[in-house]
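First chain A sits with chain B, and in the next complex the same chain sits with chain C.
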Partner chain A sequence: MISRFQFYLLTINFIIGTTPFVMLQGLIAIGKQDAWIWPLLTGGAGVLAGMFWLLLFRHYPGKNLAQIPLEAMGRFPGAIVSFLFFVYFCNLSGWILRNLSDFLNGTIMPATPAIVFHIMFLLVACYTVAQGAECVVRLNQIVTPLLFFPFWIVFLLATVNWNWERFEPVLHLNPVVLFQHPAFFGFPFLETISLTMLFPFVQQGPGRPFLLGILTAAVSLSILVFVIIGLLGADRASQLTYPVYTAIQEVAIGEALVNIHSVISVILLVLIFIKFLVLVYGISETLQQVVRPRTRWPHFLSLMILLTAIAHSMYENPIQNAQWSEEYSIYYNTFFTIVIPALLLVATWIKRAYQKRQN
Partner chain B sequence: MTLRHAASLLILLAAVPLLSSCWDKTEMNQLALVSMVGVDSDPDKGTIKVYYQIINPLSGSSTIKAPGGEQAPVYTYEMEAKSFGEIRSQIYKKLPRKLFIAHYKVLLVSEQTARQSIRDYANFIEMQPNGRSSIPMLVVEGPLEPVMKTFTPLEKVPSDSIRARLDQLIQNSLLSERNIRITDVIERMQQSRSIVLPILTRIDDARSAKSGEVASNIDAEQGSFIISGGAVFQNYRMTGRLNDEQMIWYHLLAGDKGLHVRLFEVEGKPVSLEFHLDQIKRKASWQSGRPVIRIFMDIELSTAYTSEYIPKSRNEVDKMEQEVSQAIERECYKLYELSREREWDLLGIKYLLRRKTPDHPNIEDAEKNAKVSIQVNARLKKMGSLQKPYDETGGGS
Partner chain C sequence: MLLLHFVLVPLIVLPAAGLLRKGHYRDAVIFVSVSLPGYGLWYCIANQRPFIITLFLEKVIKMFI
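Take a look at the complex of A and B:
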């Protein structure tokens, strides 16, 4: 079983996951010096989405996202919907792997082939997931303090480059501009639907830690954006590929401490790994529910092959990735995380109403 | 159970290659550690020249004596190509080790290049995955090559010498400031502000090609370079120069707090006083459609280096404070006039207006019409170890 606190921590780390790599620069490009408000708004939308999912899950206590379609729609149509979630999770994890190898290739390890990162990550992740959901959650609990403190201490050290003038003029933002870029509503908050795979394990109900986790993550992201603007300024932060990394890279404390950005690399790596674990758990659990295999290791083996392939062919270059995230990802995410659950909810209501009439 | 052990062993073994960071491992002695980078361009040929000054790992405290004397602390590699990207490949025609730029300390740009544009250079530096942009950038007067091939006494690595001098200047004068890094240049240029970078000037041409000769020569100045004056940049282009005197007031108005000693005139007599900025406030307001900028500066004076005249009474102190305040105000106005004349905006008025009144439709015009008032409040706070300078005794009476 998972305690509420453990689930709360997992929700936060899941949401932060890849966000520092892929979202910050675009966000700052749009919001300029006021971009830090944006995560709070999208986080609020994330909480609403979370409440919507909880509404669905209230009808199915003790069930996860892969079991609900089977129950609501029956074995065969339900299996198709569950399989859609399988596809969604697979794509997301392929994406994460690719983001990770892009980051490592672009910063500290330019010569290492990307596939090495993918396979190494998959090996460890499959091993962890095979041990069960508790293993994932406990791992997260153990590493969280090791992520939290070094991360913010490093940023505290970075405040030597801080300048308050970078925030002026304060709150001089046309809110309409923000709503013209709905992509940030989709990522990262809608992806939290993956966490519902762990709902049955949470003691005393997952609702409150889940929503609180989304809120905390939104505030953390807002603080992170705030710090990046204070350290780099909106003009530079919006044009760099990895502003979080660059902000720390530029820190030099005296003559001795000049290479603390490796700390940030490792922290981001672990955060990504946690997000990845949750998704791999989702994938394997969906498979488990749909096909009910007797042994699981062949599934993991084929998953490794599949996910490496997805990661490899996800996009050809980061430009495609950026364009996809900006223009299409919101529709893609909404389809899997809002439309399908809404359909499930409707199916449930119809079924309940029908059953009532039968009685 | 045995299967599980075998599987975990296999995973552990698979993780072993990771420990050497795979394909990216580099040994220390395969790296060429760059300490200083110089960029120059040849407009006639349309090529770019980059100088990399690479630290000699054999020099240092445990120097192995080369037959001709001391080993050179650095070696300068010069590479010419059509673009910066090409240099990364071409350099290995000359360089036997992997170029490692993560720890370089100074970037030099020739004046000729600076007058054309440094935007490409800024992009180039910012692009490099390992290179950091938080290092100072200086402009070299005249040709770049001799400066890149000059040994410096005392601090043997030239980049260390420049950095150390900048640090000393920041503390002990108002001739340099901290915000001259490439990141500052980019940020200010993007905000269409101006920035002033220090200028390196060679003293004479009698430089020596041997480190040993520099080390054994008593004349530290021979063939060396000094930091003097500043290059004003606007829109990634050098548009003018400031002399040392103007640099003082520029840095004071920018809010720098170095301790500077300067000769003032008090009651018609020359008095050298140490002064530093305590705090500066800038206020922007609008009066009948015209911006009014008020700058208040609190300045602390000290007579620690005053050998000419030390006030003895409260009245004399007041008098001195007043005259010094007025002198500083006068000099600051002069700088403001110069800045307005040349359209430089050295005082950052446009930037201030843009931050404080972002909705104003035409900041450019507003800045030109701005009324600027500078108020200086100088206070004598500290004294040196002399209460009163020794007078002329007039024959021992």
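Take a look at the complex of A and C:
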């Protein structure tokens, strides 16, 4: 079983996961000096989505996202819906692996083949997931202080480059502009549906830690964007591939500490790994629930073959990925995280009404 | 290309054969079913003509919007 505090921490780290790699640059390019407000608004939408999912899960206490379609729709149609979630989790995992290898190849390890990063991450993730959900959550609880304090201490050290003029003019942007870029509502908050795979393990109910975790992550991302704008300025940050990394790269404490950005690299890698663990657990558990295999490790091997291939095939390059995310990710995420759960909810209501009438 | 086959074929065939030998027929089918799409994607990557998933999703989404 998982405590509420453990699940709260997992929710925060899951949302923050790959966001510093994928979202910040695009967000600052559009929001400019007011971009720090947007995570708060999109986080609010994330909380609404979370409440919607909790409405569905209230009808199925003790069940996870892979089990609910089987109960709501029956064995065969439910298996198809669960398979769709399996595909969704596989795609997300492939995206994460690819984001990871792009980051490492673009910063500290340019000569290492991407497949090496993918296999190493997958080996450790599959081993961790095979130990159970509690292992994933306890690992997250242990590493969170080791991530939180160094991360913000490093940014505190970077404030030597702070300039308040980078926020001028303040509150200048038209908020309607955010709604013209709905991609920021989809990523990363709608992806938190993956955490519902761990709902059955949370003691005393997952609702409150889940929603509080989304809110806390939204505030953390807002603060992070605020700090990046203060350190680099909106114009410069929007043109950098990894503004978080660049902001820390320019920090030097005398002539002794000049490679502090390596600390950020490790922290971001661990955050990615935590998000990846949740998704691999989701994939493994969906497979277990739908097809009920008797063995364990051969299926981890098959998942490794599949996920490494998906990672390489996910997108052509980071620019094509950013364009796709800007135009289509909201439709993709909405289908799996809003449309399908809505269908499950409607199916549940119809089933309950029919059973009531029969009784 | 040959390297792909040398690496992936044993990784898929040997565990599947082991599962069949132990009588886990369903597990063998599941294993092969999950591995084969991965093998197909890797084949396209090795052929320098990768199947780009986001481009495929773009086509599917455009059919509906």
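Note that in this section the second predicted complex is superposed on the first by the 359 of 359 C-alpha atoms of A that agree within 3 Å, B and C clash if a C-alpha of one lies under 4 Å from a C-alpha of the other, contacts with A are read in each partner's own complex, and residues count from 1 in each chain.
The rule is short, and it goes like this: a residue touches a chain if its C-beta (ideal position, glycine included) is under 8 Å from a C-beta of that chain, and two chains touch if they have at least 3 such contacts.
Keep in mind that this is a model prediction, so the values were computed, not measured.
In this overlay on chain A, chain B fits alongside chain C without clashing. Touch criterion met: A:116 reaches chain B, while chain C stays clear of it. Once the two complexes are laid over each other on the shared chain, residue contacts for A:44 go to neither chain B nor chain C. When the two complexes are overlaid on their common chain A, residue A:240 makes contact with chain B while staying clear of chain C.
Of the two partner chains placed around the shared chain by superposition, neither chain B nor chain C is touched by A:205.
Within the superposed three-chain model, A:107 lies in touch with chain B and out of touch with chain C [touch as defined at top]. Touch criterion not met for A:150: it reaches neither chain B nor chain C. In the superposition on chain A, A:182 contacts neither chain B nor chain C. In the superposition on chain A, contact of A:321 is made with chain C only, not with chain B. For the three-chain overlay built from the shared chain A, the minimum Cα spacing from chain B to chain C equals 15 Å. Applying the stated touch rule to the two superposed structures, the chain B and chain C interfaces on chain A have no residue in common. Across the complex, chain B is touched by residues 106-113, 116, 120, 123-124, 127, 161, 165, 168-169, 172, 232-233, 235-236, 240, 246, 249-252, 258-259 of chain A.
On the side of chain A, the complex with chain C involves touching residues 91, 94, 287, 291, 293-295, 298-299, 301-303, 305-310, 312-316, 320-321, 324, 327-328, 331-332. On the side of chain B, the complex with chain A involves touching residues 7-8, 11, 14-15, 17-18, 21-24, 102-103, 126, 129, 132-134, 183, 186-187, 190-191, 354-356, 358-359.
Considering their complex, residues 8, 11-12, 15-16, 18-19, 24, 26-27, 30-32, 34-35, 37-42, 44-45, 50-55, 57-58, 61, 64-65 of chain C touch chain A.
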